[in-house]
Amino acid sequence: MQIFTFVLMSVLVFFAGNPARTIAADAPVHGTFALFEVEPTWTTLSSDEKTKGVQEATALVESFKDRVTFDSYWTYGLTTDSHFLIRLQSSEAKINQELLTQLAGTGLGRHLDLEFTISGITKGLNYAPDFPDLLAQLKAAKYEGDPSTYVIMIPTRKSAEWWNLSKEERVALIREHTVPTIAYLKTVKRKLFHATGLADADFITIFETNNLEDFNNLVLALRMVKEDKYNIRLGSPTVLGTLKSWNEVGALLAK
Amino acid sequence: MQIFTFVLMSVLVFFAGNPARTIAADAPVHGTFALFEVEPTWTTLSSDEKTKGVQEATALVESFKDRVTFDSYWTYGLTTDSHFLIRLQSSEAKINQELLTQLAGTGLGRHLDLEFTISGITKGLNYAPDFPDLLAQLKAAKYEGDPSTYVIMIPTRKSAEWWNLSKEERVALIREHTVPTIAYLKTVKRKLFHATGLADADFITIFETNNLEDFNNLVLALRMVKEDKYNIRLGSPTVLGTLKSWNEVGALLAK
Amino acid sequence: MQIFTFVLMSVLVFFAGNPARTIAADAPVHGTFALFEVEPTWTTLSSDEKTKGVQEATALVESFKDRVTFDSYWTYGLTTDSHFLIRLQSSEAKINQELLTQLAGTGLGRHLDLEFTISGITKGLNYAPDFPDLLAQLKAAKYEGDPSTYVIMIPTRKSAEWWNLSKEERVALIREHTVPTIAYLKTVKRKLFHATGLADADFITIFETNNLEDFNNLVLALRMVKEDKYNIRLGSPTVLGTLKSWNEVGALLAK
Amino acid sequence: MQIFTFVLMSVLVFFAGNPARTIAADAPVHGTFALFEVEPTWTTLSSDEKTKGVQEATALVESFKDRVTFDSYWTYGLTTDSHFLIRLQSSEAKINQELLTQLAGTGLGRHLDLEFTISGITKGLNYAPDFPDLLAQLKAAKYEGDPSTYVIMIPTRKSAEWWNLSKEERVALIREHTVPTIAYLKTVKRKLFHATGLADADFITIFETNNLEDFNNLVLALRMVKEDKYNIRLGSPTVLGTLKSWNEVGALLAK
Amino acid sequence: MQIFTFVLMSVLVFFAGNPARTIAADAPVHGTFALFEVEPTWTTLSSDEKTKGVQEATALVESFKDRVTFDSYWTYGLTTDSHFLIRLQSSEAKINQELLTQLAGTGLGRHLDLEFTISGITKGLNYAPDFPDLLAQLKAAKYEGDPSTYVIMIPTRKSAEWWNLSKEERVALIREHTVPTIAYLKTVKRKLFHATGLADADFITIFETNNLEDFNNLVLALRMVKEDKYNIRLGSPTVLGTLKSWNEVGALLAK
């Protein structure tokens, strides 16, 4: 899964509401996904206090804008124990942490529970050079859907058996995995982060789409190849939500 | 399990207290199941506050009635950590989310904990065209029981081995799975949602019946075929409750 | 396990402090087991408030006495996260639910957390007709111990492999399972509920005994036969407590 | 593991700070292990209230001294979600329960959360008579360490495969298990409780030692034999703490 | 993994911000890792109260400085349910416990939740003497990176199959495990604690690095050898954070 995701991402730079930011293909990006639930105490605040709390958080996010690419997703109703997910991307996980630590000190942050957090890094291509024909197709593919409205974040862990396969065996399995998914590049965007050692997962994949039926079919295609037999974690949790700018999230919270 | 459930559902349009609503066989329906527990703070409210809180929630549900098919089930006592389950069906999961987000802002919603939520979509037939004889029987079957009083919601996850079987192998297994269950269509209604990629499950099945003994025998029949060997999750949680209109749920909450 | 338990129960009608109630052998009984923990707020009430809360609960239980057989067990100290277990038996799980819902509205119930609930139904004999020799011994066996003081409730789930065995294979395994346990009928009473589809378990067995050493030996005997290899859940939780009348439970709570 | 533990315990009567109490080799002892966490509300009490609360608890323990052997261990810092563990040993688990129920009503107990509780019984020798040579060595072994300062409590569950072995096979495996551990009797004391049916474990072993390095080596030795392949639970939780008299625990709590 | 970690640690004494402390190669060190979450009540304190609370904690840590090597790591944002991790190293786990118990009594400690704690001991070399060639390389390797900024703590549990291998088999597997990792000694420091019997893990490894990409590659290398097939737990949790002196942690908390 990782190979063509990365290719796609480094080739197509339009992703997740930050179309202006291009991520260079070989600079590692440190991504942190933080899933927050708003505590009941928040609802006891006055409207003014809530507005002020959100403004503090917004000013903070703004102050980091040169260092952290910040995306937000509304998850309430679609993901258990949560209201929103944020994705932080920067040159170092410690910068992501700095933003999150300061967020916790804002009027909003004092009422937030960080229910789940996971970090990973982007990396160069592992397997693609070994199947240049598909690589060409991946490069040629373009997202042609309407602007994405849904986000799905899925952590994955591979078995020891996977990592003990030879490179050639893994190339063959990833090639088989890649073939049936090329068609979905038109309607589903994906980005991959490597998490081995940083989390109880090997990969974190984030998907954005406007079409949940296509997305469901894509993941079914990914389960119908042998590579899926080496996944010992797939989800746990699967985070499902909708794309919202931070201003939209703030407005939902301030209500 | 999925095949004849869908057939049944698209053929028999009487389901879950919304007999007037017919779901077209090929328009995907986005279903969201939300299991709520009422927080202890609710019991400290005055009778008037509770009534008003429920009225706000009811008005909200009403305001979505053209977009969301809304069913409610009372689960307290029969399902751990919960008071009621609601099922939202619409053309997009984001509409279900919108309703749930607004619900959280009502006088009732501020005292609700969303303990568990899971979403899926309906899809066309996968395997039925390959055994037209059974399909005819499925189409001919009719629910003949008394109006349903019980609901059971069961998430299921298949193993990678399942998805790596050939289509023919899966058709044969689903055919074997279908045969012994036809007899139960008379007393147990079922509807299937596909959740692969949207949740840590591949399917969500919701059953409605007036006869728990028949239902128990149906699920036993479903466990006695080879297809069950490919289920790595079956329940977790199993949600058991009783059908209640939203007015009835509101009355129980307002007490 | 199920076979001779049911036989025993339908033959010997003395069970669980309700010696006067005989359960007919073929009418399905709907059993609900509800494990409660008292919230810390309860201890802040005055003695009068506590007494009144318990009296409300007692009056409620009394008002259901023609419809619900009600047994209570004190679990504090012997089962994590709990104070007491109640077992409700009636002709429909929805009646059990009705009682529990009304209980939650009493002065006591407002301070109760329902930590775990599970339901099942009784059913006729599955395997016994195929080994009439043992059946005769089962029928002849009598509880000869002192009145029971301990209760143990154990949910069990079978693997798909179990349910995919032929009926003959399961009969042979249950026969082997039955032989070594006949001797324990003198000191351990048991009753079985079928839960497939209603819960994340296939069976719920409740045991009552005055002799934990005999009970431990009985369960060891049940683990030393091949049938145990098909159990994928055994406990989780195992509930251990002591038999107390509801008046005794109320007195412990009102202290 | 169980065999020589029991031998040791019935031969060496010096255990766990209660040197005066000898447990007869064939009278079953009912042991209950209760792991408590102090709630934050406790820290809001005045020093007088805390002292009084501890005194009530101490008087209660004292009042049971003829019926319950009471040992206490400080676990804060070394075991998650806990402050102290108590072990109750008496002729009946219901007596242990009675003490715990009354404890919950004391000024201290009202601020205690019972995070985990598990019970078992002691039993006579299962396998030792079949290897008298080792039995002699076990009987001859003596604890020669300094007074113990550490306690470790480990629940264990065996697989169905274990219990389905023949007695001879289990004797051989337990013999192999016993050989390398005799050397550790000098520095590590152990006591075994049988929990099959009473808990989601088959055994509870409690160790006391002054030397964690020896203890680590002992458990490594126990993992390096074939019998360990039949353990499907080992810990979950492992409780680690230090021996403290109840007066010492009380003093730590009253601070 | 354990072999060359220990070698490295006993040879290179520069670790974790305590460069002046050398740990002798054969004196066992008792390490306790305590992961804390600050409770919401902390944020309601005045600035003065917070400062005073932190000062009390700091004075306490200082008072133990001759007995306990104390390291602190900021985990908020990068590890679920936590704000900081502390590592205590001393000659006895009971000394670590004493510090933690006293910490709980400080103005800061009264608002801390100990979310996770695990202990282990350091031990002499197990396998290195059997591959002296690699040992020499390990001894020659030097950390050449910038000062570390990241910490990762990973508990590991081996299967019974691992411990039942012969010593020779384990030596061969650890040798294979060691080869590809030597190159990473330049940028990743590691220290190993043995936890068998003390925790639900066999090992606790703590890593410090300034380069998460190298660290990710190191752990990938460790997963690509056969020894990883014997790991039945790897993480759960994986703790990720940044190195901060206790003064820095205190400043973040006092804000």
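To keep things simple, chains are lettered A, B, C, D and E as they appear, and every chain counts its residues starting from 1.
One rule holds in what follows: a contact is a pair of C-beta atoms (placed from the backbone, for glycine too) under 8 Å apart; a residue touches a chain by one contact, two chains touch by 3 or more.
Since the structure is predicted, the reported quantities are computational estimates derived from the model, not experimental observations.
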Reaching subunit C from subunit A through chains that touch each other, fewest steps: 2
Hopping along touching chains only, can you work out the least number of steps from subunit C to subunit E? 2
Could you tell me the distance, in whole angstrom, between the mean C-alpha positions of subunit B and subunit E? 47
Measuring from the mean C-alpha position of subunit C to the mean C-alpha position of subunit D, what distance in angstrom results? 29
Show the residues in subunit D shared as contacts by 2 or more other chains, in ascending order. none
Going by the contact rule at the top, pick out the subunit C residues touching subunit B in the complex. 28, 30, 32, 34, 39, 41, 92-94, 96-97, 99-101, 104-105, 110, 114-117, 119, 121, 123, 158, 160-161, 163-164, 194-200
Quick check on the complex: what are the subunit A residues that touch subunit B? 40, 43, 74, 76-81, 149-150, 152, 154, 207, 212-213, 215-216, 218-220, 223-226, 228-229, 231, 234-238, 240-242, 252, 255
